[in-house]
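Both complexes shown next keep chain A, but they swap its partner, so chain B is in the first and chain C is in the second.
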Partner chain A sequence: MKKIARSELNALFAAIAEQKQLFIPADNTAGQAEFILWKDGVALTEKLNTTRSAKDLFFPQVENLVNFKVSDKKMEIIENRDPAAPFVVFGVRACDCRSFDILDSVFLSEPVDTFYKARRENGIIVTLGCTKPAETCFCGAFGIDAANPAGDVTCWLDGETLYWKSNTDKGKALTAALSVLTDCDENAVVAIQENTRKILEKLPLNNLDLSGFESDKLMELFNNPAWTELSESCLGCGTCTFVCPTCQCYDVQDFDNGREVRRFRCWDSCMYSDFTMMAHGTNRPTQKERFRQRFMHKLVYYPSNNNGVFGCVGCGRCLQKCPIHMNIVKVAKKLKEVAK
Partner chain B sequence: MQQRVKEKALELLRNGTVDRVIGWKTGEFFYDLTPAVFETAEEIEKDFVFSGFSGANLSKYAIAQSRAAGKTAIFLKPCDSYSFQQLLKEHRILRENIYIVGIACEGMLDMEKIRAAGCEGVVSVKENGEELIVETLYGDRTLSRKDCLLERCAVCKSKKVVIFDEMLGEQGDEQETARFDRVAELEAMTPEERFAFWRGELSRCIRCNACRNVCPACSCEKCVFDNDKSGVRNKAAADPFEENLFHIIRAFHVAGRCTDCGECSRVCPQNIPLHLLNRKFIKDINELYGTYQAGADMETKSPLTDFTTDDCEPSIVHERGGVK
Partner chain C sequence: MRQDPLIPMLGEVTMIRTDTPDVKTFRVVGIDGKKPFEHIPGQCAMLSIPGVGEALFSITSSPTEPDYVDFSIKKCGCVTTWLHSMDVGQQVTIRGPYGNGFPVDTELAGKDLLFIAGGIGLAPLHSVINYCRHYRDRYGKIDIVYGSRSKDDLVDYPEIIDEWCKEDGINVHLTIDNPQEGWDGHVGFVPNFVKELAFDTSKTVLMCGPPIMIKFTLAGLQELGFDKSQVYTTFELKMKCALGKCGRCNIGDKYVCKDGPVFRLDEMDELPDEY
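Presenting the complex of A and B:
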């Protein structure tokens, strides 16, 4: 394990940025934290987490796929994917780090998504243990330990010191290039972890019971009468899907300027009326079906296909950001209550 | 007042005045209330809440609920009542099927502001006159209530419930408000500064459409931007400037109909001050056509859908410093 004084964080960031592009969670002009490209003067946020998740760096909202240019009777196909520059993302929380297991299972299984894969290979994830979890946090319900996140490198921060432990070959290679770090004892972070775990125990949702969503109950859950009431006031906006670290649906669209077509993909939301539109129209005609799709996917469909692993990591962003405060916790509790 | 609102909901349902009630439903915490339709007294007793966190404007839900069988009660705070009346003026709500209870309002609280004041892991918020006692996992804090109000409440334009069948609490009046101060600051910028300001703010847009979907003035059954046959469907923009245009087009579309209820900015997950675009239109309308408040009454014609010989000429743009 390595360490550096908290007052020297800027020197650490500068040393990383000399090697690769560095993104850190910093406050933006709206007073919210987001992953910002580090340059001298960008300071680590005091906030628990970013409004948008670390997913955005690996699966951006809009991404070029290919260009087509037609002249006379010829059509030219022009490669226009963004060059994948090596980067480090610092300060990823345990919940967001787990989301990459879920995204990987989707994008890296055959056929492999080469756009996502390039960013995963080029990106180094440096996580940061939580010290002040919020009331909306429930990563514990998914077996995630906020005091001991995974990642290529794991860091812990207290009042004076940042502790740094590399976990993977990528993490070790990065660590070797950072002479600003000095050696220290592994036990240094035990107190930080114990303190965090004491708070985690007090969180109201950390022990959320997620039994009862097994695949043999799929049809029963699908037909649960509670969906009508749960979806009743849903606005049909995409906030929950877009701040979610595990939502991975996208649409492919063409931008035709009359001379050239730019084919790009962009995030899609199952909450939208034209989601998975087919020739015959949509098979989810009202907000009830769209709403049900989102939560069935996270709680039932994804776990059924992935050894019971839920498609949620308990980051709590949807709890904070849904305009009408409807969210996966309320849905899970209500479905269980009605199923009884 | 919190108890009176709940008792009124129970009374209206029990005495048969209405068949259902649109209100706010309790959540996991004290602040995460959800707009909901209550059909039984038991549901109301168990889950109905009116509190400082009942900020959500319920008026848009009346479009659908006024078409349900029987009669529906709705609770409207003063600013919500402007939205409701504007929808009524646009023939979007069937008035005869709605029973309106107006609620006197002291301003609604903004959980984002409480968090931004450094309160993490909030367990409870108690209102004690002008103070908020915030209990958190990391100790108690005392904040000033007025610093934690929703933006629209901090510059409240009116305490008057403009349409109701019954009123809870004192009816209020329109108020002197500082709501145009920020718009005036933007107007005082050079065009380059203003362009940079809006490019910066709108660059954070993630196109979740929450602003549009919550907006009472955006009540089209199918938005042109959602229609895959329109040719302008715009799920995410190919070009970041398109994103900016979405908001500008939306502001034009609701101009003269926007009541300044502030829901767009309340729900924006990226904290974009969208209400400033709408307020610019309201300020211009006031200055060019005389003071006009959308939703204030059922009779006055909107200046943008009416013509008088005194109307300003297009050349006003140049007189006000626009580029020729």
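Presenting the complex of A and C:
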């Protein structure tokens, strides 16, 4: 384990940024925390987590796939990948770090998505243990330990010191190049961890019971009468999917600038009415079916294909951001209540 | 330069045939003049015109055709209208093949086969039918029931009459929705026609067509004594990536683009009714 004085954080960030692009959670001009490219003067946010997740850096909201030049009957395919530069993302929370296991299972399974893969290979994830988990957090329900996050490097921060522990080869290589860090004892973070776990125990959603969503109950859950009431006020705004670190649905579109056609991909949402629209109509005609799709996917369909691992990491973003205060916790609780 | 499954290759359209007022068949080869890829009957591919869009189509030619792939495409939106307006020699982009295809070499081998198609639904079955004709001794008797709105809407009519109808061991049963001058064949909807023909229940059924046809024909087949496990069909859902990643074609724990589009009807009972 290594450490550096909290007052020296700027020197640590400068040392990392000398080698690779560095993103840290910082407040933007609107006062929201987001992962911002570090340069001198950018300071770590006081907020628990970023409004949008670390997913953005690996699966950006919009990215170029390829360009085409079309002339008369002929066409040409022109490489147009966004350049992939090595980068470090500092301050990723335990929940967001776990979301990469879920995104990996989608994008790195055959046929591999090479755009995502390039970013995963180029990116080093430095996590930060939580010291003030919030009431909306329920990472514990998924077996995620906010006091001991995974990642290439794990950090802990208290009033005086940042502790730094590398976990992977990538993390070790980064650490080796950072002479500003000094050695310290592993036990240095025990007190921080204990303190976090004490808070976690008392959080209202930490022990959310997620039994009853096994794949043999798929049809029963799908037909649960509670979906009507749950989805009634959903606006179909898609906020929950855009802030979610595990949502990965996308669209592919072309933009013709008159000289070349740029094919890009962008996030999409199963909450939108045209997501499955076809010539003969849509198979999810009302918001009820779309709403059900989002939550069934996270709670039942994804686990059914992934050894029971849920497609949610309990980050709480959808609890905070939904304009009608609907969220996955309410859905899970209500479904269980009605199923009884 | 195919460094990602989402990046297509270039192809060239070498033949365009007008089948019906709204269906044309397009022959596509790679720009090297060769067949773009090998496929299994029932699989699909993405065709695109950059700037217009990309759309998924069944490959209608049999894998036994050594030089090209064919697509029978119904005009219904941006991409399909554009395709219908182009001429031979046009380049397009193509990527694929996608999906599971029909189990032609396993579950279907040695069986008496009953093909039931409505309208453009013949497209995915066309590939299987010609595959079975090529390897004729691997399959038992073949019956084909094919129906359309009118005689003019029957896709591949010349091939059906001049080739399929003339082959031993293949029985073709055509029907159109309403009487028409110059038509002395059967008139009526596919589901009723299938019931009237009272097929032997030992057959394995491959069925494609509009959802309403599938629904009523299945009921008719069940009345005749067929079990759902004897019936295969294909699903048509909105698709974008065809790689099992964009999330669009997800039904229950299946991705229709990857786990389908061919499903056995008894497997579908385990899926939410969202198709």
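Quick notes on this one:
One rule holds for everything that comes next: the second predicted complex is superposed on the first by the 334 of 340 C-alpha atoms of A that agree within 3 Å, B and C clash if a C-alpha of one lies under 4 Å from a C-alpha of the other, contacts with A are read in each partner's own complex, and residues count from 1 in each chain.
We take it that contacts are C-beta pairs under 8 Å (C-beta built on N, C-alpha and C of every residue); 3 or more make two chains touch, one makes a residue touch a chain.
As the structure is a computational prediction, the values presented were derived from the model and not from experiment.
When the two complexes are overlaid on their common chain A, residue A:M277 makes contact with chain B and with chain C alike.
Of the two partner chains, neither chain B nor chain C is touched by A:E214.
Contact with chain B, but none with chain C, is seen for A:R52 once the two complexes are overlaid on the shared chain. In the superposition on chain A, contact of A:E18 is made with neither chain B nor chain C.
Of the two partner chains, neither chain B nor chain C is touched by A:D185.
Shared-chain residue A:Y301: touches chain C; no touch with chain B. Residue contacts after overlaying the shared chain place A:E289 against chain C, while chain B stays out of touching range. In the superposition on chain A, contact of A:D251 is made with both chain B and chain C. When the two structures are aligned on the shared chain, A:H325 is found in touch with chain B, with no touch to chain C. Residues 251, 268, 277 of chain A lie in contact with chain B in one complex and with chain C in the other.
On chain A, the positions that touch chain C within their shared complex are 65-66, 68, 70, 73-75, 77, 79, 106-107, 109, 111-115, 215, 218-219, 222, 248-252, 254, 256, 261, 263, 265, 268, 270, 275-280, 282-284, 289, 293, 296-297, 300-301, 304-305.
Looking at the complex, you find that chain C touches chain A at residues 1, 3-10, 50-54, 76-77, 87, 89-93, 210-211, 236-238, 240-241, 243-248, 250, 252-253, 270, 272, 274-275.
Chain B makes touch with chain A in their complex at residues 27-29, 32-37, 56, 61, 111, 116, 120-123, 137-138, 200-201, 204, 206-210, 212-214, 222, 226-228, 233, 235-239, 266-267, 269-272.
Listed in rising order, the residues of chain A touching chain B in the complex are 28-32, 48, 51-52, 61-62, 132-136, 199, 202-205, 229, 232-233, 235-239, 241-243, 251, 253, 255, 262, 264, 266-269, 272-274, 277, 319-321, 323-327, 329-330.
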